[in-house]
Amino acid sequence: MLELRKDLFADERDDNLKEIGKGTQRQDMLGHVTGTSPYFDDHKLQGMLHLKVVRSAHSHARLRRIDTSEAERSQGVRRVIRASDVPRNLNTLLSLINFGKDDEPSLAVDKVRYKGEPIVAIVADSPREAYEAIAKVKIDYEVLPAVFDVEDALKPGAPVVNEVYPKNTFTYHETYDRQQLRFGDADRALATADHVLEQRYQMSPIEHAPTETNGSIAAPDTNGRYIVYTSTQALFFSVDTCAKILDVPSNTFHFIGGTVGGGFGGKVDTLTEPLCILGAMLTGRPVRYVFGREEEMQYGPPRGAERIYIKDGVMRDGRVVARKVRAYFDSGAYTRLSSYAAVKCAAHLPGPYTIPNVHGDVYCVFTNRTPATAMRGFGVTAMDFAIECQMDKLAHLVGMDPMEFRILNAYRDGDMKAHRREAKNTALIECVQVAAEKAKWPLREDFKRMSSRKDGGGARAAVTPTPRETHAPIAAATQQRTTYDRAPAATREPPPPPPSSPPPPPRPSAPSHGATRFSSVFGTRRR
Amino acid sequence: MAKTALQFQHNGRDVAIFVDGGTNLLVALRELIGDMTPKFGCGQGGCGTCSVLIDGELHLSCLTLAETVAGRSVETLDGIKDGPNLHPLQRAFADNFAAQCGYCTPGMLMAAKALLDRNPQPSRAEVIEAISGNICRCTGYEPIINAVLAAASGGRARA
Amino acid sequence: MPVTVKTFTNTHDAAAALSSDRSARYLGGGTLVMRALNEGDISISTVVRASDHAMTRIDASGSRITLGAGVTFARILAERDLGFLHAPARSIGGPAVRNMGTVGGNLFAPVPYGDFTVAMLALDAVVSVQGGLGGREISIDEFLQTRDRQTGVLVLAISFARPGSTDAFRYRKIARIKPKGGAVITLAAHLPVNGSRIVGARIALGSMAPTPIRARAAERTLEGRALDASTISAAAAAAVEGTTPGDNALASAWYRREIVGVHLRRLLSGQE
Amino acid sequence: MTRHRGRGIASVNYPIGMNLGGDPSQALVHSNPSGKFTVALSSIDLGQGMKSVTRQICAETLGVPVEDVYVDTADSDTGPHCMGSFASRGTHRVGNAVMAAAREARGVMMEAAAEELEVNAADLETDGRGNIHVKGAPHRSISTKDVAIAAQFKQGKTISGRGIFLVPLSDVDPETGEMSPATCYAHACLVAEVEVDDETGEVDMVRMDSAYELGRALNPRLVEQQLVGGAWMGVSHALYETPEPYYPEPVHGPRDFVEYLMPGPGDICPHDIAVLERPAPDGPFGAKGPGEMCANPVLPAVANAIFNAVGVRIDDLPITPEKVLRAIQAQGGARPQPRR
């Protein structure tokens, strides 16, 4: 049951609208209830072939020899696609926005880095014939030690998962093995806090489990183009990824999609389209490549696991004065989108609370498992779990009601957030108050009267002096404040670094490959 | 490849096709008949998106050997409308916003129809049981349960 | 090689076809064989069917019940005389799977499937099979112990004695998902009573070993006793004895061992 | 007594759109000669309602009934660029692009109407029912259909508009993490009530009460779909789901919907939702985006409710019966906390 609380923030809204705010029927509902909504797989083309991939049997292995000769002679096989057939067999999804290094082949070349990694693709007249050919591909593996735990992967001597990132961590700003967040002096505040609580949290991987599995159908179209029916969640992402991997201009493709049987983040990776189009290019026939359910569950990318350590300092009166967070994103064998999630996660710290001292280190770590990708709440869901369990424990520790504890610490308009931007348009306090009301959870009067719009800013708008770390470069990045952001309130000069500190390493002059720079111009990708 | 001739009733019409050995009914309906309303979700019997009625009984078309429907009646979502008019279940699903991505909807509707055809006034528990073989990843099931109950009580909008 | 479908009108011919071809599998309700084909199991290249009506016959009129191997769970649920089997039949899949899945196929279903067979094991069923050379009857205990070697035979029927009272047979499937979920464990108990004493108790457990097994230690604690609190506690304490559960996606071996006694106690004492 | 009830809460915020901005979306809006509008997008409808919400935004902005607008999604030949459907960016980014395009189209439509009515375009208004009239003089009116005919065949005007929305890219300071990750945030607080079986560790959901602040509920029924379905997914993440049940050991991964656990229709509980609307200054009609954050408060709220019920803290997801049972055993039995 849903109730609209029009009484709250009414003065900030114009409710005199005609179409907005109405519970209008979905444009696609009639199509859905009659089964006529067109999903990618609802296109059957004459003479369609079927593509299946041979997947790695091992989590980490060198490929000594791949023998496809018998498979090529197998009944109904139109084409065996090997790594050497892929025009540009190395990519990373976010290269399209200039973030990260190419680190993932479409078909494994000399090494497999996770169980289930595609090695060879078979295009055959029927799925059955493709399966029969798969059984005839002979692969000679040299099994290598594998690493599955994010903290083990960071230990000296750990197996190198992906040679592009030999330290098993994504490289930020061409230098850092993590994304940092530094706001105030967390260590000093922890030293003077009434209570300190350090805890470990673990988010599981999650499978998106859309009822429609990932897939695409590609076919030669008139005038040398290819038509592609796809389940992608990001049409031009997929167009440009395919153009890069297949080394053709993007207008070679006519992508059609837009009606998708659930995605939740699991259909961003453009997993089937490049090989499907390549199959159509190499055979001149329509090709269909659809994940089976087990493939979707085990080799389709999951939401990655996250391990999070939080150390908080809290005062007897309930104020959280310091929060120190170390988080590890389990990216699996390749980057995909986890590098991005780690930055988003750092920006999310310390949750929707005004805490004057925040210290965050967020790592994107490579392990020998199915590469992770985006999912609903990407970069935030696990951190919210950790933070909110932690908040409950802190409230318990100081003997406060957990609702009132959150209201007390909630950010308000005008407060300074840890990523050094002013909090605006906040409404956490009101949400807590309304939820309490709905759940008949008693709040004391003064907590019922608190507001996101009152008593923020002032001292809460200041950046606490933040010590520089001796190991870190000191030059600050050029800040591009958006029109929505005001500069932070004046801060006191941070203390100079200890005189004994070694000189900082030189900082790259401008962000380039691998730097956290999000190009706004999509489609004019850098080669 | 040897093919087997197969005749059956598809949504009240006689159809004849030739199938390869081992072809399942889902593939036969989609690729040979051209009825795209049953969907592939798993091929394992776990999701219900391919549900159809065979002689009025709910079956999973992906686990049905096509040859076994010879001479029988197969009903899919494409056959439940009354001419241009929606079936009361279709109307109730729409009124209750019981679809998001829409991919599970054909199977859900067939499961619901199988229930209402033999039990026009089911309890909430019976509705839950009836759709329990169908996976929905979007809605949280609540609007679907409400839609089936609404259709049973005369297609009225949600209570 | 494409799949060949062979349909026979009698079970002898079907059994002969099965036993003479290692790549042949018998198609019952389709939930195992069609799934395997869909998933690319190329070890199956012949599908054998039998249209013999005996395969789908239910004989539930007397004290000895016989279910043809092709009897579906939906048909059991429609049979008033088989009320004591409604709980195990309803615990299989959703409605569509129950319209398709068969008693015979369930005998072969690996963990986490095969719950109905747990009930059959508790009821001391006898399995009628037809091999290439002839028919025979084997106890379900023996059938399950040798199940891996039974793929070449055709199961014709399964039979068992009707429990003496509605209270004498109990069944419970512990699943995480409701109402349709894979079993964490499955429990079935047949507790014949003579006077007030239990005589010939059989307790069967699913997911506590690679195939359904008897909880023999727990059975011994019940034998000759009245079903009172202390007997139930003793049975619960002994439930785990002799089991060899494994880890799977639904639960760990540790968890299964921890809860099997709890659920056996609840089953025996009629607790939710 | 083996079953214990407990309540737990969590409150969260969520950034709307791709972190750091730099994620543009475009839209094209055009009218056919009878005044019916098409919105061309390359954005994807995954079920979240992209087609429906942009349709309402377009109709409201144009001042025409929603039936006069149809949204066409995801054709790379006809739809202009969009980053895609993720990061809660659909309503906010695409909605703004559609609004900009519709505003431009409306401008042409009003000019064309002004020419027909021989008035100044600034003196005209739409009635939202397919007519344009002089402010304060409803009888001096022309239908959008007649305007479209006149524009096309008489005046030679295209009633169409282009829109793009771009939150500028923000850099990140490598050392301090200073950045502008998002321009607006949605908020939520959720109370979960659970029942825990202290002999088996099983957790049942009893009910949920929640408040979500989403800027503006552009279509409350679509918002309800997201919040109800999203909270279900939150319960699923909290108690059931994992493709790696023995993480980090990669064994016994589920292969089907029996082994991959998600709550069934018999596992759901009543959920009472309040929606708050504090408009985002840069949102279309103030809207933010409910799509992703709806699941997030459920996970910790459930974990905290379990603590309240039996006194154990499970910090590893999913919170399986095994983890609960091990923790209860480790502390020597359930320790129910004060009921609240």
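A, B, C and D are the chain letters, set down in written order, and residue numbers restart from 1 in every chain.
In the analysis below, a contact is a pair of C-beta atoms (placed from the backbone, for glycine too) under 8 Å apart; a residue touches a chain by one contact, two chains touch by 3 or more.
Just so we're clear, the structure is a prediction, and the values are computed from it rather than from any experiment.
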If you tally contacting C-beta pairs for every chain pair, which pair wins? A-D
Cα centre of subunit C to Cα centre of subunit D, whole Å, reads 46
Using mean CA coordinates as chain centres, what's the subunit B-subunit D distance in Å? 29
Between subunit A and subunit B, tell me the centre distance in angstrom, where each centre is the average of that chain's C-alpha atoms. 36
Which residue numbers or ranges of subunit C touch two or more of the other chains? 2-3, 37-39, 179-180
Quick check on subunit A: which residues sit in contact with 2+ other chains? 25-26, 28, 128, 209-210, 259-264, 292-294
Residues within subunit B bordering two or more other chains: 20, 22, 42-44, 46-47, 97, 99-103, 128-129, 131-132, 135, 137-138
If you connect every pair of chains that touch, what shape comes out? Choose line, ring, star, complete or other. complete
Please name which positions on subunit C make contact with subunit A in the complex. 1-3, 37-40, 42
In the complex with subunit D, residue positions of subunit B that touch it: 42, 44, 46-47, 97, 99-103, 127-129, 131-132, 135, 137-145
Show which residues of subunit B lie in contact with subunit C when the two form their complex. 1-2, 4, 20-22, 24, 43-45, 48, 51, 57-60, 62-65, 67-68, 111, 114-115, 128-134
In the complex, the residues of subunit C that touch subunit B are 2-5, 7, 27, 29-31, 34-35, 37-39, 47, 49, 74, 93-97, 99-100, 179-180
Can you tell me which positions in subunit C touch subunit D when the two form their complex? 112-113, 176-182, 184, 247-252, 254-255, 258-259, 262-263
